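After this come two complexes, each holding chain A, first together with chain B and then together with chain C.
Now for the complex of A and B:
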């Protein structure tokens, strides 16, 4: 930010696109759209968080919505579940997709085919995948349960046992994050100068050294980008829960997440203010985490 | 960077406020007079939002077409909102600018509480009780009592019962014959029968589609009632939780879990009988085909739940539209149409005269012959703000108790009590 201000000061007096009235005119349609579809709803969320009553007769309610929501054990569980989901799926998803990307990138036979196959899940809708996962995880005739029983584990009821709901959801989340991660990482891998590896070979570097000294540092910007994107997406997890548990937040609310809670309060329970208060809390949390993360990343990349 | 912010922010704020102003300034309210129009003078178009698909939608279209033929001045536009979730979401959104609301909609009473508070829903009592021949409902008392209660709030009739169902006992007739079992008629008999199936077959004998319905019916059967004044730590409530928990622990009862409906495990013969919607026959039929014969019986309890949607009318409609919509509702709920509707969709006809008519009782369904019996004591969830929240909280609590069959029911209910009480407060 400081650099930006200095740069701006340096440009004072010279040409600046921001000061051209015509530029604003040209930007107007875009700004209007952003105002109506992004800024306005956001403002309303903040306003409604302090209101209660029915949609036509909202009245000021002070902090009562926040008090009610924060005192609701279900909301606390939703936040904890969301946190667990983000902390598990983001790192695990990144590690697994990095391994797969490196494997596909190495000159193994048919790597193009694998690359295409690994990208297909990204093109498939989450809902369709969810239906398939419901079959795989089924407690009566699911494949996963069957395979586990071969090694003497189980039986597990992944979808109906509240203790397993989050495990099931995290596995699903990791799987879903793979496709996009792999594509981005592959493009990063291909951009690494092959000369670096050749020099490393000349000096007799081991495979691990090549990976940790060349590949990983070179991929750092990609990994940073992906971790931020994945984290934000993980905080917004909703569809995954809905499709995996057939519209329920798991048996006994075991897999309720923050966005699920917001939706449920607003559209199902008709407690608009409380739903919006929960949304504001979630917004603040995502903001804090994203800021922390970008701070951390800047520290690390220095 | 700074510069942009400083000039942009006020502009955006101004735009926002202006827009917010437009949003709340509109009001298409109460253009109609207090006394209903008795005749349709010119051409009128009414819209009807619904969430029905398949056979239900086809039957609705067929009855609607017949109505328009008889009333050439009225055009009814059926607008499918894809699903009940989609319908609920759209209704909530449209309430912010009522001129976007349809003339009538299919809705659960619990969805309409806020709208009724906001004077968005037409009180249909003056139409139903009108002295005018053209308007008056031919016999309001012919509508099942439980259904009438479910649309009446403070003495005003806000909805017309329509897609209504009750719960019945679906059972595997072959299995019952093989084991020489009688169809249970009470919670006690349900227990012995389910245990017998469990002992003989090693599968749970029974299950309930909806834990909430189980809870409400159990309470009503044991002298209590689900509602604001219920003491969830009381005896009836404890017994209800314990009954189901014992069953799950000892293996003779099960839940639907994330399947949400028991028809799938019933079809794969993983349960001998279940209590579920009377409108579920098509699923049961399809599942049992070629494997076993199924049959239906009234729910094994003194009371039975009534559930499903009604038709509500919005105040954004003009007086002509209101009258047209009311005439359409009256047509849909007429005796003959109710018989057609009931036979083709599996929903219960809302009129006693239709349910007991031989055209209905002799129809080729498992439900028709037993329906008069099954609907004798219908109970409904109270239409009160927050009943939805209270329902969800009870269900969650019961699910948690069943997921851990050795947990203490007393502790769970003690924990539920403050939540349940605060649910009714807002």
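Now for the complex of A and C:
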């Protein structure tokens, strides 16, 4: 045993071009933090999902938490809302940001300025943006409602009408996803060899043909990456709900989402086990969706 | 399908890229545009393709002006230096691309039939399903050529198509390109900076420098009968030896420090101007004597070369061999004469060693004489 330690120390001390166990020493602080603050809590989530009682007196409760959560109509609604949010914001956000990115990338005067402006939302706190959106969406003096009234629509009470809260949330979600998407897509667009377009011009390709036969396939890796990132983020939607509806999951829980439900169970209701069970269900769903998506993308890109 | 270029000019702000370029490419001919980088050859090609606008002049294809015509209506196929293949498409899709876009797009089935024909011609049928990324440089080159030909263009333009290939591959691909071009009888303009490439592939070569066509002639004429000092220097390897000589009108010799060439030994019929007129030009500004490396002959030295017949040459001088470069069948001998570093080629079996003292004979009839501006006098 002692020889093993000495041998290890000797190996750590001596030089090797391809194996440097000393690196582990350098990684140790980071690994310790990740272990204590990321891995351990993750394990605790799975353990607590099968426990009930207060945090000091947890006891094994079998599958009862899962039964309770899945039977809760509020949780089902939270899952449906989260699913709707993800299925709407991810594709819509990608399409809109792709259009904006292509527009900004074209040789337009001042496109750099637009690029900077488009990135500002990414630097701004979601809470601050949420406050602004609360004003924009206000039913009494909101600009959005006013503009819609000009074309003969409305009046809409975006924030207080339970039928509209998901619409409002999705619009907000799409807007928030734009900045990051555009920056990534722009970098992708700039990486495309301009000669590829020159060849297309030489053979008289139309603007749509240039886009569909060159731009889109060339951006495929970026779009794949963004769709996976956006999907995961969409499943985690929480802050958006919180700031948009002033700390509530919309009127009459109309905009409750999965993470909001977990938060509510854990911190507000104090049903720790059920909160964690809901988190585990959410985890499983995200896992399944992401796997399905990457399978789909792999098949499409073939 | 002939190409006629008339008084073509191109300027970028103050910089003149092309100056009054005139060129006539006959139907089915393979013409090379040859010149150092920045000489305007690619600019000229891009104007013919319609990817750049000329500042003045006209380009006619089959007698019809095309400068105001969109590239797609010019009937042009083009191969770019780095091929510009679509990395996300298979070889087959790349070759089909010109047929599948634009107003004249044809059905997939029809496009495939035509693409296959040109893939057979270029020998890439077996690669149909592969992506360009998994092909070698030479294979990518063939794909690019097949794509340029698939529309059966009137004119094929190649912009330094071989410069990304390794030396050996370049030799075989350039023969291949000539074979394909001649098989399809397409009028071709081939841009290159490599004189050897141009000499081997072109029916005629236009040598360009600083936006001007210096000489447009058959390959052998460029070498044997250069129009000016630039062309003489640019064509040939090892490069032409040049000496700035003054003219001694009394003795009628081109005088240098180490050797002098009497006008009397030159062939009168080879003068570009009447001898009297040439003499007054020489007297006014001196001259540049150009000697091809094969026109220096080692006629004597320390190791028994003396019997090589120094008396055959009217001009003979002694020098020290600085270094000897082995090329293969022949060797390049470096020495200094008249303060110029000189190169001459000798049979490898008769090559001297560095440090040897040698006698060098000058084949006076074969030299070139240029005036102070680089114009050819002899």
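What we mean here is this: the second predicted complex is superposed on the first by the 272 of 302 C-alpha atoms of A that agree within 3 Å, B and C clash if a C-alpha of one lies under 4 Å from a C-alpha of the other, contacts with A are read in each partner's own complex, and residues count from 1 in each chain.
Note that in this section a residue touches a chain if its C-beta (ideal position, glycine included) is under 8 Å from a C-beta of that chain, and two chains touch if they have at least 3 such contacts.
As the structure is a computational prediction, the values presented were derived from the model and not from experiment.
Chemist: Identify whether chain B and chain C fit side by side or clash on chain A in the overlaid structures.
Modeler: Overlaying the two structures gives chain B and chain C room side by side.
Chemist: A:150 contacts which: chain B (first), chain C (second), both, neither?
Modeler: neither
Chemist: Looking at chain A, does chain B or chain C touch a larger number of its residues?
Modeler: It is B that touches the greater number of chain A residues.
Chemist: Let me test your reading of the model: by the given contact rule, A:200 touches which partner, first (chain B), second (chain C), both or neither?
Modeler: The second partner, chain C, only.
Chemist: Should A:54 be classified as contacting the first partner (chain B), the second (chain C), both, or neither?
Modeler: First partner only, chain B.
Chemist: After overlaying the two complexes, what is the shortest C-alpha distance between chain B and chain C, in Å?
Modeler: So the smallest C-alpha gap separating chain B from chain C comes to 27 Å.
Chemist: Show which residues of chain A both chain B and chain C reach, each in its own complex.
Modeler: Of chain A, no residue contacts chain B in one complex and chain C in the other.
Chemist: Which of the residues in chain A come into contact with chain C in the complex?
Modeler: 193, 195-196, 198-206, 209, 213-214, 217-218, 220
Chemist: In the complex, go through chain B and note every residue touching chain A.
Modeler: Residue list for chain B touching chain A: 1-4, 8, 11-12, 15-16, 19-20, 85, 88-89, 92, 95-96, 98, 111, 113-115, 117-118, 120, 255, 257-260, 265, 268, 270, 385, 388-389, 392, 396, 399-400, 403, 419, 426.
Chemist: Tell me, which parts of chain C touch chain A in their complex?
Modeler: 49-51, 70-73, 76, 78, 80, 82, 84, 86-89, 97-98, 101-104, 151
Chemist: Which positions of chain A touch chain B when the two form their complex?
Modeler: 1, 4-5, 8, 16, 18-19, 31-32, 35-36, 39-40, 43-44, 52, 54-57, 73-74, 134, 140, 157, 159-163, 245-248, 250-254, 266-271
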